[in-house]
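Paired with subunit B in one complex and with subunit C in the other, subunit A is shared by the two complexes that follow.
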Partner chain A sequence: MTPRSYSAIRLSLMAFIVTLAMPALAGDQTVGQAKKAFTVGAIKAKVGDTVTFRNDDEFAHNVFSLSDAQSFDLGSYKKGEVRSVKLTTPGVIEVECAIHPEMKMKIEVAK
Partner chain B sequence: MLVLVLAAPLASAEEEILILPRDTTDAAVIRGSIAYRTYCVLCHGTSGKGDGRAAKMYTPRPANLTVSPFPDKYKELIIRGGGPAVGRSPFMPPWGDELTDEQISDLISFLREVRKMGTPAS
Partner chain C sequence: MPQKFISQRISLPLALLFGFFLAASVVAAEADPWLRPDVAPAPPENQLTPARVLLGQLLFFDPRLSRKMTMSCASCHNPSLGWSDGLPTAVGFDMHTLARATPTIINTSFNPIQMWDGRKSTLEDQATGPIEAAGEMNLPLPELIERLKSIPGYASKFEDAYPGMGITAVTIARGLASFERTVLSTESPFDRWRKGDEKAVPASAKRGFDLFQDKAKCAVCHMGYNFTDNGFHNIGLKTEGAPDVGRFAQRPLKSMHGAFKTPTLRDIGRTTPYMRNGAYRTLMEVVEHYDRGGDDKQNLDINMVPLSLTAGEKADLVAFLESLTGVPPDIRVPSLPL
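So, the complex of A and B:
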């Protein structure tokens, strides 16, 4: 193997490590659902961002919102499954779980 | 002293009224109404007519339970497995993991009353 090949491999490896070390893109946030609660009470995001909900419980969850800013229902889904919503409008979105009425969280969406 | 003697029979009468035997239909309907108001009212509404605060989001609209033609066994299937389990709305969640067998049975007792009365008790 030539020194040039070594350099190419080293560069590729460095690029790979840098990619791994980068935080998730600001527009992509994941919120867990565990022990009948959202893992965070509130998050901040921007229009165009995507929020993903991941079910970490043994039973089904649901995600919906009736907020004026944006209403949606991502349906019901089992353990390990995810559902995502793209944020389209600035404002505060109150997110709930239809199956567990005590589960609530907020998404503050900026322009 | 006189007051205490007079009050004693009244207290006993009140206790008899408040304690409803667990295995009666009335008790099941009351428990079912509590489960309904906790889990179902969001979509099916306080009237049971499918006009809950979330109903506007869904097509088809949540079922009008005051005119539901389905037998108890079918209602149990929908409640346990959700809409998709019986080829109905994907937005009706599966409640089999969340509700106990008794709660589901109580809900069905309550829905029977809703169908008879045309509207749930407040």
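So, the complex of A and C:
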């Protein structure tokens, strides 16, 4: 393997790690649900943005929040289906799956 | 130093390291998700020691943990009855019948959430709940602590288990949790089959396992080595009288009304009657329930649908479920401190 190849691999690896470490960018966003987990642990968003939750698992999920900042219940839905919530209030929204309480993520909502 | 020797000296450790990681990754990749780990997880502050397990065992079998000194944890979680009680629903303080079945504590140490409605998260959180509950053992913890302090034989047991910590609500809970972490399912015919013994289970059980994962959709909730998703579902059981709201009391969401935690299926042959209200005595009755897609359709979990199973498929599912039961270990009932 050439030194250039090593550099390319190192750069790719660094970019991958940085991507993992960064909160998702603001704007309308989609969060997946796969292998009984949300695909991201936290995202940043703004009031007025819409977050869509897509079920990629073979079984149902039920996304909800009972946070002070904003509460919602998107109900239960099956594989391939999506449900969305429009963010109305700044603050931290803790999101869970009602069916699988181990599934948790956060939305940091800015003004 | 010759170049070749240096190269060998460097490459050998590297090769060993690489080999180790390769082996570890292969083992991790090949870990069978249907076989349970050998040891239950324990939190750093309450790692298992023989003294802690012994203390917990003494407390677990001690009826002095109840107000009238007539009930121990083992009264309901009876090892002779699959660590449950064989009753449709539990019987608590003053022989009062409770609303829910006694769940087995087999493998509960692997669960990240406890109780039918998930109101406790850890074994330590859960352990003292039934002691204090008015409908169960009905003994406030301050009274229990004073009672245990008055029993000379307990002092050394607590000291051995938790040096310098004394007899407190924390050490009582940790001791009980330590003992519960040793209540594990034993190797079942299913496990032996998964490990390669093709003769460990009959062909019907093998067909049943396929159905379990596919047509019958059981594995949607009963997944993994402990056969639970640690999730909450309303499976449409018929109820009489006031409905039991279940998980809704903890999470006031529509889908949680009448939803309960998915129980393990390990050692299921020893934990009849089944369901959170003890509705069914046989595994075939359980399979029939799911084949109907539940009975009470109000707020039914959307995973619940009629299955159109044939008689043979139902029998195969029962054969598979029966293969999940191992030979129960001999449990020694301890002599209690006096």
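Basically, the second predicted complex is superposed on the first by the 85 of 111 C-alpha atoms of A that agree within 3 Å, B and C clash if a C-alpha of one lies under 4 Å from a C-alpha of the other, contacts with A are read in each partner's own complex, and residues count from 1 in each chain.
Following the convention adopted for this analysis, contacts are C-beta pairs under 8 Å (C-beta built on N, C-alpha and C of every residue); 3 or more make two chains touch, one makes a residue touch a chain.
Values in this document were obtained by computation on a predicted structure and should not be read as measured data.
Upon superposition of the two complexes on subunit A, a steric clash is found between subunit B and subunit C. Judged by the touch definition given at the top, the superposed model places A:A98 against both subunit B and subunit C. In the superposed model, A:F64 lies in contact with both subunit B and subunit C.
Using the contact criterion defined above for the overlaid structures, shared-chain residue A:G75 touches subunit B and also reaches subunit C. Once the two complexes are laid over each other on the shared chain, residue contacts for A:T89 go to neither subunit B nor subunit C.
Comparing the listed stretches 97-105, 151-159, 169-177 or 313-321 of subunit C against subunit B after superposition, the clashing one is 97-105.
Residues 58-60, 62, 64, 66, 73, 75-76, 98-101 of subunit A touch subunit B in one complex and subunit C in the other. By the touch criterion stated above, subunit A contacts subunit C in their complex at residues 36, 58-60, 62, 64, 66, 73, 75-78, 98-102. Listed in rising order, the residues of subunit B touching subunit A in the complex are 38-39, 42-43, 53-54, 57-58, 82, 90-91, 93-95, 97-98. Only residues 112-113, 118, 220-221, 229-233, 247, 251-256, 259, 301-303 of subunit C touch subunit A when the two sit together in their complex. Residues of subunit A touching subunit B in their complex: 58-60, 62, 64, 66, 71-73, 75-76, 98-101.
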